[in-house]
Amino acid sequence: METTKLLKNAATLVALVREKTPLIHHLTNYVTVNDCANIVLACGGSPIMADEINEVEEVIALASAVILNIGTLNQRTLESMLAAGKKANELGVPVILDPAGAGATTFRTDSCHLLLENVDLAVIRGNASEIKAVGGLEATTLGVDVAPEDLLSEANLASGKTIVQSLAHKFNCVVAMTGEVDLISHGKKTYALNNGHPWLAGITGTGCMCSSLIGTYSGITTNYLEAALTGVMVLSIAGEIAAEEIKAGMATFRTKLIDQVSLLEPQVLLERGKIREL
Amino acid sequence: METTKLLKNAATLVALVREKTPLIHHLTNYVTVNDCANIVLACGGSPIMADEINEVEEVIALASAVILNIGTLNQRTLESMLAAGKKANELGVPVILDPAGAGATTFRTDSCHLLLENVDLAVIRGNASEIKAVGGLEATTLGVDVAPEDLLSEANLASGKTIVQSLAHKFNCVVAMTGEVDLISHGKKTYALNNGHPWLAGITGTGCMCSSLIGTYSGITTNYLEAALTGVMVLSIAGEIAAEEIKAGMATFRTKLIDQVSLLEPQVLLERGKIREL
Amino acid sequence: METTKLLKNAATLVALVREKTPLIHHLTNYVTVNDCANIVLACGGSPIMADEINEVEEVIALASAVILNIGTLNQRTLESMLAAGKKANELGVPVILDPAGAGATTFRTDSCHLLLENVDLAVIRGNASEIKAVGGLEATTLGVDVAPEDLLSEANLASGKTIVQSLAHKFNCVVAMTGEVDLISHGKKTYALNNGHPWLAGITGTGCMCSSLIGTYSGITTNYLEAALTGVMVLSIAGEIAAEEIKAGMATFRTKLIDQVSLLEPQVLLERGKIREL
């Protein structure tokens, strides 16, 4: 079974990252940056956040992967992201783009396109509204949360598959569109993941943390499809276990979510992972 | 009883915000921004943080309210706040000012005055030192925490009432001066709220979270007095319940505080709300 | 016993800071800033974060100590740190430098040297890699976490002692090199501390929080050696107690760590403090 093999490979990455402790460079927003640092540590990586243009290239030279997250982008940090992304391409360091809020403003959408024109990506991860905006499709972004009409569910998987596949082809990278169901594609094959819990939408930063996890696993493999599948599954399964542990309360859920990433045993992915090829 | 009606209306807003999910734009500090995002989600809104001048006007056009919090203001973000505030006025989007640390430095006090001259506010929320500084009164700000000699309590409610009423008149907005007792006025009437817990002063961000809650309720009503009363009561009552739940520990209290906002049932405001007209 | 006297003095500082509530100015990174604010509140101080060059000198005039933490330094905030540091020297306000990530990039190392040339410090606190980089010694910084080959342990205390003593002499300040064992020196005497728990390396911000605690105690004494010993012990002992309280989970550990700082009774330092002169 190919999906069983994917789950086994994901479990291997979960174990391996704890041995390798890859340094993961972030140029990210100031809202969820602490959660991103803690989730990278929790899964076994070492985070570094640096956005000064005079140092980003040197940090890239030390890093195993870099995450460009536009959540609170400004002109200064956009320049730094471009410099970091170009250097990463030069050195073969994988680049993950989180187009947080793309589609909400011209500045964010244009910045994504500027990054896509100048930087080769390993993975793009966003919600359905953001992925549509990046792809130049009509989306209804209402901020950083997905618009209700863009919500991905079992009912519209076929259109979702078309979107992620065409985007993956267009930009020659892995595309992860996360939501109630997660779709992950590298253009040829597309997978649907059915793990997770509704509470993951009740706290800020779960999308950003997911991108940071994908970045961390991308730091130890060149198979970015598997890195993306692993990052999405680790967050979703940790969310499931966290939700089972508590009765209620969104801040307690956030604490338990990061706890469960730090405690996750590799074989749990084999037991809980719900993945299928579309 | 008018205060019973106010409590009922507050309970209605608590329920309504979960149906409407208003988008709440923040130009805020990097210290407590994550708490602000999580408290908006916890009460039922959708937060967006954006401070790049090239995008703030577009974000305002999508938003139901905007919070200007000067906690770590700089020249760049001051320009963005001015642009956001003017656009909000043009579009009828309510503006909430949190003058964090006003009075501590000339830059903060002057920036507040610049904002007040250029932007019509729905609500100003600050501690007694900050509110006095905004009003041009002599205050003893010692940072972002209220100065001991400015502390509002049952003993000096009369002078507090004069301050909030005159400020509300002067700027034609609702003024919320929060502390051991909270005073809220729209110039004609002034209310005192007696909910809360001393531990709310033991963690960073409770003032900022209060302003974000006021902003979120201002996003679904044009009665900003009721929005301010609701925001203050939600935080204070959640703080009471959180403190009852635990024995001690300030970080656990913070987690439980946000939990209780996410769990708050509207009728609890009717049971616990302590509000009276002065 | 001199070390018993040091423990007694540390316990006195732990009690005294809760009476004095010193205002602690931070120019710091946006990753761990919320943790720094909460740890200062937890131990009894009052934090203020301000990095706009137009206001830092006025904030210094109100503050009891200032922390310069270069974790996400940029050109703008470097200028503000220089202005704040010079003003602090002029007014006799102690300055604590946290050279987060020094050695990782030329910009960070050069910025530390620029600060050291222009500002007299009370305390420098960093991990072994950072302290070596600040001292111009060969280090293997791999980011903001200490490099494995730089790890300080019982096996290489002698070389660690040489490093901190020479650095303390060179810059005429207290040097705290934290890790599995912590070394603290003011040039003449050097102390080793053996408190703490491995989990402290499993969450982001423990180094930054340690610097903020040192800064807070520096705000109420001119004996910066004792302030540094106290800050390091408070964090380490709170970490020990937190780890004893829970079974596992890194986010829960972080919550309990801050809890235990807020709950720490002075005499616990006498019971648990492990300090010896090298």
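A, B and C are the chain letters, set down in written order, and residue numbers restart from 1 in every chain.
Here, a residue touches a chain if its C-beta (ideal position, glycine included) is under 8 Å from a C-beta of that chain, and two chains touch if they have at least 3 such contacts.
What you see is a predicted model, and the numbers here were worked out from it, not measured in a lab.
*Asks:* For the protein chains shown, what form does their contact graph take: line, ring, star, complete or other?
*Replies:* complete
*Asks:* On C-alpha atoms only, rotate subunit A onto subunit C and read off the angle in steps of 5 degrees.
*Replies:* It is a rotation of 120 degrees, to the nearest 5.
*Asks:* At what distance in angstrom does the C-alpha mean of subunit C lie from that of subunit B?
*Replies:* Chain centres of subunit B and subunit C, defined by C-alpha means, are spaced 33 Å apart.
*Asks:* Give the residues of subunit A that touch two or more other chains, as numbers and ranges in rising order.
*Replies:* 30, 34, 254-255
*Asks:* Subunit B touches which residues of subunit A in the complex?
*Replies:* 29-32, 34-35, 71-75, 101, 104-108, 142-145, 202-205, 248-252, 254-255
*Asks:* What residues of subunit B sit close enough to touch subunit A in their complex?
*Replies:* Of all residues in subunit B, those touching subunit A are 23, 30, 33-34, 37-38, 41-42, 46-52, 54-55, 58-59, 62-63, 76, 254-260, 262-263.
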